[in-house]
Amino acid sequence: MAYITQNFAGLPAPVRIGLIGSGWMGAFHAESIARRVPGAVLSAIADPNVESAEALATALGTPKVTANAEDILADSEIDAVIIASPARFHSSLIAQAAAAGKHVFCEKPAGQGLDELDTALAAVEAAGVHFQIGFNRRYADDFQAAKKDLAEGVAGTPQLLRSLTRDPGTGSIPNAARVPAWTIFLETLIHDFDTLNWFNEGAEPVEVYAVADALVEPGLRDQGFLDTAVVTIRYSNGALAVAEANFSALYGYDIRGEVFGSKGMVQAGRATESAARRYTAEGLSAETPRLNIELFKQAYTDELADFAGAVRARRDGVPAPSSDFTLTPGGADARRALAVALACIDSVKQGGPVAVAGLAVLSALDDKAGV
Amino acid sequence: MAYITQNFAGLPAPVRIGLIGSGWMGAFHAESIARRVPGAVLSAIADPNVESAEALATALGTPKVTANAEDILADSEIDAVIIASPARFHSSLIAQAAAAGKHVFCEKPAGQGLDELDTALAAVEAAGVHFQIGFNRRYADDFQAAKKDLAEGVAGTPQLLRSLTRDPGTGSIPNAARVPAWTIFLETLIHDFDTLNWFNEGAEPVEVYAVADALVEPGLRDQGFLDTAVVTIRYSNGALAVAEANFSALYGYDIRGEVFGSKGMVQAGRATESAARRYTAEGLSAETPRLNIELFKQAYTDELADFAGAVRARRDGVPAPSSDFTLTPGGADARRALAVALACIDSVKQGGPVAVAGLAVLSALDDKAGV
Amino acid sequence: MAYITQNFAGLPAPVRIGLIGSGWMGAFHAESIARRVPGAVLSAIADPNVESAEALATALGTPKVTANAEDILADSEIDAVIIASPARFHSSLIAQAAAAGKHVFCEKPAGQGLDELDTALAAVEAAGVHFQIGFNRRYADDFQAAKKDLAEGVAGTPQLLRSLTRDPGTGSIPNAARVPAWTIFLETLIHDFDTLNWFNEGAEPVEVYAVADALVEPGLRDQGFLDTAVVTIRYSNGALAVAEANFSALYGYDIRGEVFGSKGMVQAGRATESAARRYTAEGLSAETPRLNIELFKQAYTDELADFAGAVRARRDGVPAPSSDFTLTPGGADARRALAVALACIDSVKQGGPVAVAGLAVLSALDDKAGV
Amino acid sequence: MAYITQNFAGLPAPVRIGLIGSGWMGAFHAESIARRVPGAVLSAIADPNVESAEALATALGTPKVTANAEDILADSEIDAVIIASPARFHSSLIAQAAAAGKHVFCEKPAGQGLDELDTALAAVEAAGVHFQIGFNRRYADDFQAAKKDLAEGVAGTPQLLRSLTRDPGTGSIPNAARVPAWTIFLETLIHDFDTLNWFNEGAEPVEVYAVADALVEPGLRDQGFLDTAVVTIRYSNGALAVAEANFSALYGYDIRGEVFGSKGMVQAGRATESAARRYTAEGLSAETPRLNIELFKQAYTDELADFAGAVRARRDGVPAPSSDFTLTPGGADARRALAVALACIDSVKQGGPVAVAGLAVLSALDDKAGV
């Protein structure tokens, strides 16, 4: 029996992708497209720092480099864009790319306010392009296995959920003074909010209570920089969720999810780097995951493969890849997670629980195919 | 080299213990004293349900049974009492027992209000008797190993803590209608509050935010019965803690603790009944712990052995057993956990965060030896 | 609902036990009987080292001490004996105790040759007394859970089995020169042989191939002292088993069992001291078990509780405790494991596989109730 | 700081690879080269079953298909070959490919006898081409982490080793009657022999004792088909190793390795498919790995990436990738594992331990760079 390579049978023209923003994350996505995602090619890189973009293009064999994202959006040879610029440009770039007819993969957050995001998503809808947000955690094998179990009812109706992110560190945050105060909610915990929303699919986040502090860098407390946070979310189905983050875990990159419900519990989260174990005079020991692009390398690759597959399906009018459970994070997911993050900021400011804004709009978004 | 039985060398007269309240927990403690705690004997049982008490006494060979706790308190042959009556009698029984010169082991909670508990603890202090509260989790081998690590600084300064209790169930709570509305805070989460306080030793719980609901038994929501809760606690050292409880875990008894700090993380909590594992066509499987007196049998025994040792030391003027880290939960611990539980009730009523009452008194209690 | 103490209802006279041999293991058993086994009392201690025996008796409150085992065997007040003398005296003491009408618990091995053991077991049979061998591993919670699964057919028909013992050490064996050359088979691996026989119940060990060496203490190779061994056993049902031992594991006491069969696999063996885990800059770490009487404390207690229960049942004519699966190791088990150990010695001497002796006798023994 | 794509900087011409044999494993390797190995292209496919080869070529975009391996060997555009034909052709194809100046990656076993393999390796040496054998397990993250630890001395001097392979199955082996009798040693356990040799680097396998049987398919015992085996290996440094295999594990693909030594133990082997866990009324459960190309997908990719990198280094005269520990399995490794497998066959035939042949030649091979 021959090994079946059905995924590649009758492979059509590759999906041509332009990268907007070639910083650390953008460059990693570029490498994924160029080296690890079958059926996609990296056609162009746009970055104001042209020198850096050119070095990347040389390394990856990318034919086109530009300082201006507009050059990519105007290129009729390009099917889709990956937006990996600083977050403050995300929503306007989404809107421009959609208007130019490009399918869009955007790093989180999709915007910094609900109004700007709604404008962007309206442009996506108007253009009929595919939109995907970079919630890569959905593509990690353990989170996906947990989601599959949840979709099959293994845990029953969710009652208690937990998601946490602890970024690797050394006990201090060298560039903390330059990090925006609310980053912990808008750029870090937004992953956890999506995980919780996804795991508790069908329910809406209704109310949020957030506490946060500068515990890693107490000296920055007065500037409002927050490195540690705990968030409680009440969902419309009664479920209670906790999200938790910290910017400096000495043991590395710690990402976990847990859903407890009427039938049981499912958990995701990898405690160790591999299955290898050591037993010495000091007892048991094992390596822990140290970096997001190591722990989630497969997830980062798979989210882009999913994106490329969806773009190809749209472009060529073929069926998109399907899954037994909800997988691809789209516009409604981006907005729902952002709404929770923004509510957290309000909650910290007010010192009490606050309602999550814009639920009516969220429900409407969910009903729209393609968003 | 002979095995050294130093624990028993020159064993003096056994500690004579009277049990007040022979319900499920009291009877289990009685059996522990009679069968599993060297150096202690069960001398008497008091319970209004004399028939039940007599059956227990017969089974265990206990010489004396009475309907009235006063008979035990008046018995000069008895060194100490175990109070396992309903919680509403705890503080007054503590006060009476102390006044009668008996050393006291009391099941949690030590009282239902801070005033009544303060009165009881004042009686304990006035009488100079030993007081211990039934926070058995401190004696579980994994929680104790975690505490030892914390005492050695393995996790550094605590920043994020978590403790949870999920009681075993079948998806409903047969006797829920008869359970007091606030039980989840006063009798269940109080264990978690103590664990968090103990793990974050040296800091005080300052502010509490609690959300709770009837998710297992939604039909009882209108009566105010709560079966699911999440609590956020801010500590005086900035640490943020989450406690979580649910009354019906289909997979059994789930107790966990976690401390994340500036140097790392320690975790406690046993996911499976034993180290045995099965691999079949369905994948990996293993038994989970089903009952508190199974999971914590050793802990329940050890807390009473600790109590008996302390009583003996007081009675005979010998040194009490010592530990590398804080172990025995006393009056200040009972009060601190109760203060958090009461603040949770306020928080649920008010729908927002509330300050934990009585910190000044707490700090004073901590300074008093013997309490 | 009151906690049910049915185990103690109508408790009859305690089982009176005499200890023969108060060395390290004997003293630990003495403490177990005196302090941890309900319904049993330690009535006497016999040891040529009377001083040591007296110290133990004083510590435990044992009323009688003697230099001669005969004094215990002649004592009509004593129901049963625990034999914990050096192994070379075991079989003759078993025979004498049986002849005196005492029920017998004997530490492994029950003898050093099949002839002497057969004589002893014949005496046991003739006297109609209860006999139990100290294969404590059967009472460890994980090995028992694995056995229960096997009895329920979880693994199907066994095809591959593994059992290992690694004793804690520091990389050398201080008293190695005084340890008999074949100890690794007769006193250490005999536990593994019993585990394998028990896990593969219904089949007989047919052929053995053993390799062994002095790898911890190469300097003692010339004296024939062996500290490392691997044994392959062929069973009558075709199953292939491996037993493995080493005398110096720097990480502590490592005991594991595994059965792979037509339906799946079951595993037993505890890798860590407790469920506590640490995560630091060095990664994950946890404590490992360091001592047999710590790892197997419950197992050592339970095997004696089982013995006491069986003795009481015989003495008082009441039903013995029952189990869903074969538990108590008796004479046939002692002999079967010894036969494998002796075959290993032959195999090492001959440098090839050898048949396991005396199978016909083994099968006959299995059919005899009470042995 | 930009993400550094140093692996691709200044990327030269890709390595052009020809595949010989497009069966199940060959087709998977083809897909890996075409889709997952940066810097390599699949230039041609040779297979007597041209139709199947053409389907694969179409799916992967491979430009050239032929029925004859000679067409690939004669193609001056091709740098290297992957040999994935049936094992009986391996050694002669290695020799021919080497003679044609092609670098060679060959699936295991490299030959079926030591003479034919020696001839092939002599041709490799004479031609100065790079040779790699498909011991993919060396590239699995956990085995590699274990090897790294061993290289750093974590376990000290090896004393006891274990490696096992259990292939997934359903309790029967549908095509068993067509599988060669000695497959379990020559094609399955040869992986384990390499793992043991690699883990015990520096020592030679000296003596082997193998037992094997038809336990999954007892009906084929008379035909000599063996589906279950246990092998004991004595190494020149005294270490004792056990390798174990079975062709039908109902729970999936079970691959483990363990080294115990004078300083401790390291273990490799992944028990579950991902870190996801389920807790339900039945207890804990998790998915197990079901297929080699799933469990070892990364390992299969990485071994070819290693090969492509080495070929490029040879071709372009640049430094080959380096590692802190021995990684790439070459000719001496192929021969050493084969020598053990052949000794196992002898051992089964003779019913006793046998010496491993050809050690002198092995040591000579180890000294030759490039082999």
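Letters A, B, C and D mark the chains in the order given here, with residues in each chain numbered from 1 onward.
In this section, a residue touches a chain if its C-beta (ideal position, glycine included) is under 8 Å from a C-beta of that chain, and two chains touch if they have at least 3 such contacts.
Note that the structure is predicted; figures quoted are calculated from it, not measured.
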Determine which of the two chain pairs, B-C or A-B, is joined by the larger number of C-beta pairs in contact. B-C
Report the chain whose mean Cα position is at the greatest distance from that of chain D. B
If you average the Cα atoms of chain A and of chain C to get two centres, how far apart are those centres in Å? 56
Gap in Å, rounded to a whole number, between the CA centres of chain B and chain A: 42
Geometric centre distance via CA averages, chain C-chain B, whole Å: 37
Touching at least two other chains at once: which residues of chain C meet that condition? 249-251, 254, 263-265, 271, 273, 277, 279-281, 287
Of all residues in chain A, those that touch chain D in their complex: 1-6, 8-11, 22-28, 30-31, 34-36, 38, 52, 55-56, 58-61, 141-146, 149, 154-155, 263-271, 273-281, 287, 293
Under the definition above, what is the set of chain C residues touching chain D in their complex? 156-157, 159-160, 162, 166, 171, 209, 211, 213, 215-216, 218, 228-230, 232, 234, 238-240, 242, 244, 246, 248-251, 254, 260, 262-265, 351-353
Would you tell me which residues of chain C are touching chain A in their complex? 249-252, 254, 271-273, 277, 279-288
